[in-house]
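Both complexes below contain chain A, partnered by chain B and then by chain C.
Our next item is the complex of A and B:
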């Protein structure tokens, strides 16, 4: 019997290890345009201690370890580019503590956002966390590893800004904690100890996040989505500036897409509002629509598209339906809000060049401090030509983002290289040192964020 | 292209000017109404063009059988005085563009049900009442091919209706229906009122949904068990284009044993659901919309309504939840009728 397989079985049990082709196949792909990459083993640990033992085993054998959350990545970030062990963390999904009064919840990092939401809905319905725009199966740890944002991005920033502490298994196997939990206190704050945050946004290259304390926020009794529409993309930044000045929304997004036709060449600004009473909601609507947006309505350049709708996250995945074959992948970037018009124009040009209906979305982060802008490209999985077009469009978009002065968000390897090519040399060297210090054998998600 | 058959002489002969003096959203005496109508006839700017809430009611108020509302909308387009901001108009107009293939045309050679653009509500057309009626637009991917497009009256956009409508008529006619029952008042109004006013030929016979329901209920009369509810009815704007069919509301209610509550905003005085008013360019439209919605629903409540009956999906979507929040159950007319013969609502 394969000795590594046997060692993995010894750590996590026979039911949670596999080196069989039919099971490795599942882990060899993600949903985007990446070519399949096969792991040699898949293991699904239940505890941080098991993760630690696996990592130590991998170091002994110089085997790659690729942590996997919900498998929602479209950009190949959790594909085993150098084989090795794919670490499926979905069994680590316990809720460890909920402190309502201090507004935090401690969870294992393999828990899905959907499970956290369901738990809060049942046990603390007046509290919520920030869910990303991904399917409910996306995990807390996976989202942090890519600096995700969610539906509370406008008031509170990135999801990775909304944590009170973390537990991480280092690439050499030690289990470390960061924040108040490092003092064996409760998990109520990440600050003010010396900053050791070297794990967020690293796509698992510097360690495996195993526990997280998430900040929770007021969840009001009534929530709704309103929509304001403009045709001129140049108006979007100033409207978002007006709306963020009021600061009443929970989430602010602007979307434009060729299909379905009502959204084509229009910019729909989605405003999520909430209130504990109808009066509170109407107060907020009044400030936004009757105050800040009236001038656009009056001069006919902007209009109320809808008020009081059920909140629906923009379902970017639906764009995969606009052509046969059901595939899509997107480039995300963090840009100043003022970039919206150019991002839209350049993105729709790229789409047009590749015969793909354009789909773009911008989500405000903070009080207009930034925007996550995404360009989505649909393809037919069964048609290599459309996959190639989508891949080329993605690469062109990566290049365009950097040319504009944007910062790629959770880039694929192609985009990572572009970023590192442009990065300040000293910063790049520091990245290299950090990576080498934490991961001397280079086993953690190799191929990603590799400084040459 | 098609032009509006508007008889100016009828207008000149009118003594009441009900079209404008009865308007619930503009206050106007007879003398001013006469002057404003003259401006509209001459194609000049008028306060009506800026203040119209596009509720369609003047089509019903007109005692001369003329088409004051179609005239107003035509002039709004000609004089470029759109009631809505441009982005809303663009979005609305694009909403009617088919994008998921052409419909499969089957010849029915019998009575058909036209859901128009509301194919997703096809589940409402079930049970004994709808037996023998073949739906021609049940596939929501193809619903835009059956969309009457009359909604664009709210957008000050006659030209898009006239451009698209002949193709829609051809699609329906291709099914070879002996008669077409229209689920929505708006479709019925399109093919019986609007098309006639613009000289657009309609080669099929149209039946109003309420007339159809009334006839079917009569055929199933032995199965009717009086429901005993007190109900209010949310009259849609497009019902103003077929006011001769409006009496079927009370006829149905009488037949199934529900009490149509006596209230202020009923029949001719019905209030708009506010769907389009919400987004209009006039200052304060959003607030105005909320006010009339509130007045309307409080009026239902005061009159003791237990149920609010809807036939228009836009009305249901716009105020259905608010009605429910006030303790009045929103329900489709088709469901109410099905309940009366012992069936469960869809």
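Our next item is the complex of A and C:
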């Protein structure tokens, strides 16, 4: 038997290792437009100690290790570009502690966002975490590895700003903890120790996140989604500025899409509100709508699209069926809110050029400190021509973002290169040194964020 | 080269592999797909399975024994269909069964599946036992053959042959007799219902089995059927009409509330007993019957019904569907679905795990034993619980 395979079986057990075609095929594929990249082995560890042993084994044999969470980045960030071992971390899914009074939860990083939400709903319904727009199977660790955001981005920022501590298996196999947990204290704070956060946003190139303390936030008893609609995209930044001044919303998004046709070319500003009573909700609604939006209704430039809608779990995968083809991918960028109109116009032009119904979305981060803007391109997995068009549209969008002065979020390798081409030389060198210091054999998710 | 006979070629690429199919309704965890819960590799999720099937049909990968195992490890519980948010969700299980159709045509099923189908073909039951032993479950009972009674009581292969399920089959007969329900049985003339044959993708054998049963029922003047097994119920209700067999079919649990209300069944009195109920897939998700079994259990004096966290549409399958109670492609692990389900039942603190399916009965009773819980929780068919004298 293959000695690597045997060693992996010794570490995680026979059921959770494979070097058979079927598993290698499955893990060679991403949900987006990326070309398949085949691993040599797939392993699904259960503990950080198992991860550590696998990483040490990989160093001995100079084998690549690619950590995989829910596989929802769509940008091919967990594809094994140089083969090696794909580590499916979803068996590491325990909830280790919930501290309601200090408002944090400690979880293993392979846990799904859906499981965390369900656990809180059942055991601490007055608390919530920031859940991304990705399917519920997206994992906590995966989301942090790409600097994700979620439905609490407006009040609290990036999800990666919402952690109280982490455990990471370094590329050389040591298990390290960061934050108060490093002192063997509880997992209540990441600060004020010297900053060693070299793992967030690295897509697993500097280590494998295995445990996380997530900050929790008040979850009000009643929540609703309201919608305000404008036709003029140039109004969107000022409306969002007004709404963020009030600071009462839980989530603020602006979306424009060609499908369904009645919404084509309109800009729907979605406002999530919550309250512990109807009075609280009504108070917030009044501050936002009466205080800030009435003027747009009066001058005929805006209107209320909906009030009091139930907030459903995002079903983003429905986007994949727009072309009856099982696929979509998007470019995400972090941009100033003022970029919205240009991002929309340029994005819809790219979509039109490639024959893809346009979909753009901007989610406010912080008090208007930034916006995650996404351009989504659906394709038909069975029609290579539509896949090619989507891929080209993604690349054009990557270039457009950087031309506009935006910053690509979780870029695929193509976008990473564009970013690094424009990066300050000293910063780039520091990235290279950090990577080399932590990962001397270059085994961690090689091909990503690779400074030449 | 693409396999042109595959029926869902124009649709199978539409699965995005978003993973909704793994969850229960409340998103509690990714382990409500039995085969994914057992293996925890993406290849065993339904999305992974559909992508693999497409790759095989397209000629990207070869059909191997391992691929056949993956395709046959789906227990047809329909959790994926319930959770898939896409417009073609009603067909995602059919896409798997259609792949099995092609595997059957090529004779490339796992050996245990092949044996199952051979046994049904040669012996009329998956166990390969003689048809003359089919009525062994009736030993000690006085049950008339079906002639002109109101109902045919169709026991099914599990109830007829499995030593544990035989108790449930007999209990139901006693219960129906006590309720003065007019029924008869086919005895040794009964044959397999074909439900699992359909799930395993053997269309030719299904046609043969269904036509044989239908012609026998028609010849005997059968109009109304009571089934012990939800699998049989599903076959007669949803599959046989395709072959011209239209009968008034009821799973036995569906008769119980009216019989209890009419005073024809007097549920037993128990002493401070708590019961949790496991929804069989072919009664629940397949046919939408969640209430009748619960009503029957709630009628038991002294019993408290406690729900498992995963119930109704969210119930985790015992892992026995699609012939897996025989082929056992999900066994051998503490993560086997039956063992997970046994632990979920035990977690309620219930004294009794009630079931309404002979497959679930045998799967879960075995799992309770393997988990070492037999002193703490008993597995009983609802027919057994109600047939105890009041």
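Everything below uses one rule, namely that the second predicted complex is superposed on the first by the 446 of 452 C-alpha atoms of A that agree within 3 Å, B and C clash if a C-alpha of one lies under 4 Å from a C-alpha of the other, contacts with A are read in each partner's own complex, and residues count from 1 in each chain.
The rule is short, and it goes like this: contacts are C-beta pairs under 8 Å (C-beta built on N, C-alpha and C of every residue); 3 or more make two chains touch, one makes a residue touch a chain.
None of these values were measured; they are calculated from a predicted model.
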item: Which superposed partner A:318 touches (first chain B, second chain C, both, neither); value: second
item: Touched partner set for A:14, first chain B, second chain C, both or neither; value: neither
item: Touch count on chain A, higher of chain B and chain C; value: C
item: Which of chain B and chain C A:261 touches, first, second, both or neither; value: first
item: First, second, both or neither for A:421, with chain B first and chain C second; value: neither
item: Which of chain B and chain C A:276 touches, first, second, both or neither; value: neither
item: First (chain B), second (chain C), both or neither touched by A:88; value: second
item: Residues of chain A at both interfaces, chain B in one complex, chain C in the other; value: none
item: Interface residues, chain C side, partner chain A - complex; value: 13-20, 22-23, 26-30, 39-43, 48, 51-52, 55, 60-62, 64, 66-67, 70, 85-88, 333, 335
item: Residues of chain A touching chain C in the complex; value: 15-16, 18, 20-23, 25-27, 29, 31, 42, 44, 70-72, 88, 90-91, 93, 112, 114-115, 117-119, 121-122, 135-137, 313, 315-318, 320-321, 324-328, 380-382
item: In the complex with chain A, residue positions of chain B that touch it; value: 82, 84-88, 90-92, 94-95, 97, 99, 278-279, 281, 283-287, 290, 321
item: Chain A - residues contacting chain B, complex; value: 229-231, 259-266, 282, 285-286, 289-290, 294, 296-298, 300-305, 307-308
